[in-house]
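You will see chain A twice below: alongside chain B first, and alongside chain C after that.
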Partner chain A sequence: MALASHRKKGYSRQNAYLWFIAPAVLAIFAVIVFPWVYTLWMSLHDWQIGGKSEFVGIENFVKLATDARFLSTIPRTLYFTLLSVLLPVVLGVFAAEVFHQKFPLRGLVRGIYIAPMMATPVAIALVFTMMFHPQLGVLNYFLTLVGIPKSLWVYSADTVIPTLALVEVWQWTPLVMLIVLGALASLPTEPYESALIDGANQWQMFRYITFPLILPFLMIAVIIRTIDALKSFDIIYVISQGGPGTASETINIFLYLQAFSFLRIGHASAVVVVFFVIILALAIILLVARERLRWNR
Partner chain B sequence: MSEKLTRRDFLKRAALLGAGVTGTAILNACAPTPEPTKAPAPTAVPAQPTKAPEPTKAPAPTTAPAPTKAPAPTTAPTAPAVVKTPGDAFSWQRFKGEKIEALLIKNTQGDIMAQNIKEFQDLTGITVGVDQPAEQQQRQKLAVEFASGATSFDVVYYSFHVQKRLFGKNKWVMDVRDYLKDPTMTAPEFDWNDFSEAGKAWATEPDGRIDALPNKIDYCNLYCNKELFDAKGVALPKTYDEMVAAAQKLHDPSKNVFGFVGRGLKNANTMLWAWMLLGWDIDVIDSKLNLNTTGPEAVECSKMYQNLMKNYAPPGVGGFNWNEAQSAFALGQAAMWMDGVGFAAPLEDAKSSKVKGKVAYVVQPKGPKAQWAGMTGDGMGISSFSKKQGAAWYFSMWAASKSILAKSFAAGSGSQARNSVYTNAEALKSLTVPTAWVDTVVASGKIGRAALPIIVPVTEFRDIFGVALNNMIGGADAATELKKATDEFKPILEKSEKA
Partner chain C sequence: MESVNSARQAEISYRLKKWLGRIALLFSVILVVSPAIFVFFWMLSLSLKYEIDNIAYPPVFIPDPPTFDNYAKIFRESNYVLYGYNSVIVSGAATLIALLVGVPAAYGIAKGKAQGLGMLIMVARITPGLSYLIPLFMLFRFIGISGSLLALTISHLVITIPMVVWVMISFFEDMHPELEEAALVDGCNIWQAFYRVSMPIARPGIAVAAILAFIQSWNNFLFGVVIAGRETRTLPVAVFNAMTFEQLSWGPVAAAALVVTLPSLLLTIFVQRDIVTGLAAGSVKG
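Take a look at the complex of A and B:
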């Protein structure tokens, strides 16, 4: 009887504790759950600012599935993302290897190297816009100095995506470098000593020791970069506004046009939902891959 | 007796609370646009009337001709709220002590207003909070705030060529006709007849409402590099055919000189194309909402646009907005540049231009069927949701006053909505551009015509046809692209008018 009463008392106290998490639950509801539910709700409506809102079920999603312009943004976004992840990862690992070595003024050079990360994307975009100008840009001037024909950079449909990715690479390679540098600093020295004794060269040590050991860390960089590149907006919008034509119109630019230029909020909400699913799917794939590659469980 | 809270109870209450919050927010967001609030009576009668009552002779502004055949509004206009104080004279101090918010744009026109705001505050005793976002961001803010039914601003600077139909249809800005007719509300020196016919037409709705005071009217013109023309003995073009021929003769990529430059970037390019189309004497969308975008005139115009941009423009012109085109012309790399008249000041500034003193300002050349100068326009409107419409009206009057527009004109902001600006000796004296430019502006004003359609989805129109035009620069067939764009845009237009 006493035990039952004690248990009841403990259970009651536990219930009272639930109220302490109420503020956190409310905050999460307000800033995460509610916007999502509301966006989902709006995606089921045909609502243009200045007009009436009408419930249309999944019509917005059906339209998206048959909208050639929207569908073309998906592979374009993935292409941009691939370039904006792959190149910084390769260059970042290389840079980390360099900065892991000891040399004079290493701290200063490291500081300079990570400076692009701290710059405002819009400011960077404006500077690059001037540099990419086919007639006035300094990049074409450099190309002509070394005898390479001028490029149209962001002014041509063929080169606009790689050029935009170039800006991302310039800005975010230092982030990958920092992550890999941290990983390199945490690696054990014994495998390298053994490898040296066994006569392994630098490439073999990197390929068979360093790379497998830093892979889980690299996966974190890949996940961060993938999500960042997928939702990249500022640089693309300022430099090319999705042009020429629709050549650099990524999902985000398309979404922005629907929501803030055409004021089609219902349609734009449907794009948000689809985009969220794409990001979620990619994030899950990368997280699973990371789990499988972990050696330090 | 204490009540225990079970986990089930907690979840139930949390769900109810959540549903309540969500429901309220959704209902608020989906609520129809509320009726505009009426302007309150002035908080204080004028302390010291400056003059005896003197009725102004404001003409009935409904006679201003509409330049375009905008569709009739779907709902009847509501009477504007007017502060009546019979027997009182006009006094700038009438709304002394009030505070209003003005939403302007970051441009020369907005800068002049912001720089002179103290003059208005001293004159009226009204405190003004000024916000000047970039144009695109300001337009988004306007749409969202107006749709919500509560605006953070009382008076707003907006573009007729983009927002006139949206605002007019929803009655988001108030009709100022009664203010204009009321001598106690309109300053004696404010002269409605001084505004150009084009400006008055822009501000007037098809049903006669006047939703704004015109402020700036821009016209398309052709900038020509006289030095390049003279070097090859080519005459300045007066027709489209002469323009194309001149582009061909002056085009010399080996010397980094291109015959023509203009807007090629999607959306921006539609403006240039619509200006050109006026030469065939048609509107892109007529009064019955028929799209004149697949007929022989549109195809012919598109082929001319394609020819100029593909064959005689600098490489990469498909990504050029006005700023890239301006750079090319200012550096002497383009013989001709077709755009708004408002770029004369930077072109005549030796710090940023190599063509200072070498520019000929040519009225938009005559097309195969007519000569028109494509026109855009901006004005100052009063939010229908403002509770300080009287004070906001005073700000509108001041912002469109002879003095402020003359200052904008002198600062190189481009062509203004008042005719008197062009004969203002002080403004002309301080003008940094040649008088030939003024002549072009005045001549353009006589043949000004709106080029972009006055419809709600004008941005979608520009975007969809912008992609088509951009594809043409890349070599796509003009007729096919126009048909594709028309098919895509037609249902959007029909839906917008039904809404």
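Take a look at the complex of A and C:
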């Protein structure tokens, strides 16, 4: 009898928690799950906005596999992503080491340092557009000051991807810094004390103590940064619109143009599915790599 | 005598090292923070200069004399008050709804009652924004609300709900369960324990979640550029249009860019400390 009433109470408590999540479940199904399912459905149709739709099975995917313009966006996106992950990791670790020290006005300086990642990307992109101007831009002025020949920045097919990655790096290095800074704050002090007694120098301490300890956190930063860099849209679209030609057309830009310039909804939905698979695959590879690192330690 | 000398030498070399260390640190701080400072400074500088100085080469760095013409111009010639109003309504409503549904949901997930939902939010976080936008765009056209503030607000829920849930889960997980358990033992039901005990403790977390969600929604460009109509443009869309129409007039574009991003930057100051303590790790950027 007592047991039964206890069980009943436990059951009603379980139910009570359902009421907490029910509104969110409803909202999430409406704005997140419904779009996923609908995207899958549309990707199997030949569908133009304003036109009629026709079921075509996997034809959209077959077409994508042979679409040279689409295929060229994949290595381009990976190149952009590689730059936008590696540079922030290196610079972010350096910045975290700096902010881990004590100095006057540290809070204020840190606030300024993280401002780029909270700023409106469109606004930032517009300012960079003006700074990249080949004749009048302030960046080329700086280059000539230190004796480096002027660059065409986003106006040349050779430099457009690194230039756009530069903006991405400028904006998102603070996120890596914050993650590493949190990791540094949690480190034990004992290994450093014994290393000092053993006469280790700063670099050795970083290389053999700090780096292995922050590596798991660094991998989190790498995963987040990879996912976000793959999806980068605002900066590329505002600064170069995928140009010159298609030299900076990443998967996301290609996708946007298919959907909202050419209004090929079925085709674009197939791109979304492929894009999602690429992001998921990379995320899983990195997660597995992170687990491996943990085991080897 | 000799030992005194060498002791002094050691003292001097110690002080020298300390000073060198300080100078190196100062130099590193300047090196690290100068790119951020320069871009914002340049934005401000462009917005306060006459056009003739903006296209001068070599560039003019300090506006002399500074002018507010560019700001006057953007408010006179385009309807930035309306666009600002749109942005406030859309981001405000999307944040509010996200708090109403997201905070209790995060509580449920943190109590271990809805792991599946937590996973769903994770996957939502890695999905490209366009995969929501295309279906929602079609849906809004179908039910005839395309281009309205309502449609924009609904689309922004894609950004704000995962953000609120994400931040609040870590907040509720870090909270000590004793108080709540005491309340339950004393005869509160779960809703009362949540509303009277957990919510007040979590208030700072709710503030952070609200500000982060609001900033991300405010900064969003993609949903606005597709869904908004002429009269329902949000600020980032309006600024983007300003550039396409005024290719070479840098002053007004810079002024508009600064007006758009200023609220995000000001709000960031309020949550700066919380962002630093790691709350935002993994949660920033929808």
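In this text, the second predicted complex is superposed on the first by the 261 of 297 C-alpha atoms of A that agree within 3 Å, B and C clash if a C-alpha of one lies under 4 Å from a C-alpha of the other, contacts with A are read in each partner's own complex, and residues count from 1 in each chain.
Operating definition for what follows: a residue touches a chain if its C-beta (ideal position, glycine included) is under 8 Å from a C-beta of that chain, and two chains touch if they have at least 3 such contacts.
Computed from a predicted model, the values in this text were never measured in an experiment.
Visitor: For A:65, is the partner it touches chain B (first), chain C (second), both, or none of the two (neither)?
Guide: So A:65 meets neither chain B nor chain C here.
Visitor: I'd like to know which partner A:138 touches here: chain B for first, chain C for second, both or neither.
Guide: After superposing on A, A:138 lies in contact with chain C but is clear of chain B.
Visitor: Of the two partner chains, chain B (first) and chain C (second), which one does A:25 touch, if any: first, second, both, or neither?
Guide: A:25 sits against chain B and chain C alike.
Visitor: Please work out whether A:179 is in contact with chain B alone, chain C alone, both, or neither, and reply first, second, both or neither.
Guide: A:179 sits against chain C, while chain B stays out of touch.
Visitor: With both complexes overlaid on chain A, does A:128 touch chain B (first), chain C (second), both or neither?
Guide: second
Visitor: For A:38 in the superposed arrangement: first (chain B), second (chain C), both or neither?
Guide: both
Visitor: Classify the contacts of A:260 with the two partner chains as first (chain B alone), second (chain C alone), both, or neither.
Guide: In the superposed model, A:260 contacts both chain B and chain C.
Visitor: In the superposed model, which partner reaches more residues of chain A, chain B or chain C?
Guide: C
Visitor: Please work out whether A:196 is in contact with chain B alone, chain C alone, both, or neither, and reply first, second, both or neither.
Guide: In the superposition, A:196 touches no partner, neither chain B nor chain C.
Visitor: Which holds for A:244: it touches chain B only (first), chain C only (second), both, or neither?
Guide: A:244 sits against chain B, while chain C stays out of touch.
Visitor: Could you pull out which residues of chain A sit against chain B in one structure and against chain C in the other?
Guide: 16, 18-19, 25, 30, 33-34, 38, 49, 135-136, 260
Visitor: Residues of chain A touching chain B in their complex?
Guide: 12, 15-16, 18-19, 22, 25, 29-30, 33-34, 37-38, 41, 45, 47-53, 133-136, 150, 152-157, 160, 240-246, 257, 260-263
Visitor: Residue numbers of chain B touching chain A in their complex, please.
Guide: So the residues of chain B in touch with chain A come to 4-7, 10, 14, 18, 21-22, 25-26, 29-30, 32, 140, 143-144, 146-147, 166, 169-170, 256, 264-267, 314-320, 324, 327-328, 331, 333, 456-457, 459-460, 463, 467, 470-471, 473-474, 496, 499.
Visitor: Within the complex, which stretch of chain A touches chain C?
Guide: The touching residues are 13-14, 16-21, 23-28, 30-36, 38-39, 42, 49, 94-95, 98-99, 101, 103, 107, 109-124, 126-131, 135-136, 138, 141, 170, 174-175, 178-179, 181-182, 220, 224, 227-228, 230-231, 233-234, 237-238, 252, 255-256, 259-260, 265, 268-269, 272, 275-276, 279-280, 283.
Visitor: Provide the residue numbers of chain C that touch chain A in the complex, in ascending order.
Guide: 25-26, 28-29, 32-33, 35-37, 39-40, 42-43, 46, 55-59, 97, 100-102, 104-105, 107-109, 111, 113-114, 117, 120-121, 124-136, 138-139, 141, 154-155, 157-158, 161-162, 165, 189-191, 194, 215, 218-219, 221-222, 226, 235-236, 239-240, 243, 250, 253-254, 257-258, 260-261, 264-265, 267-269, 272-273, 275-278, 280-282, 284-285
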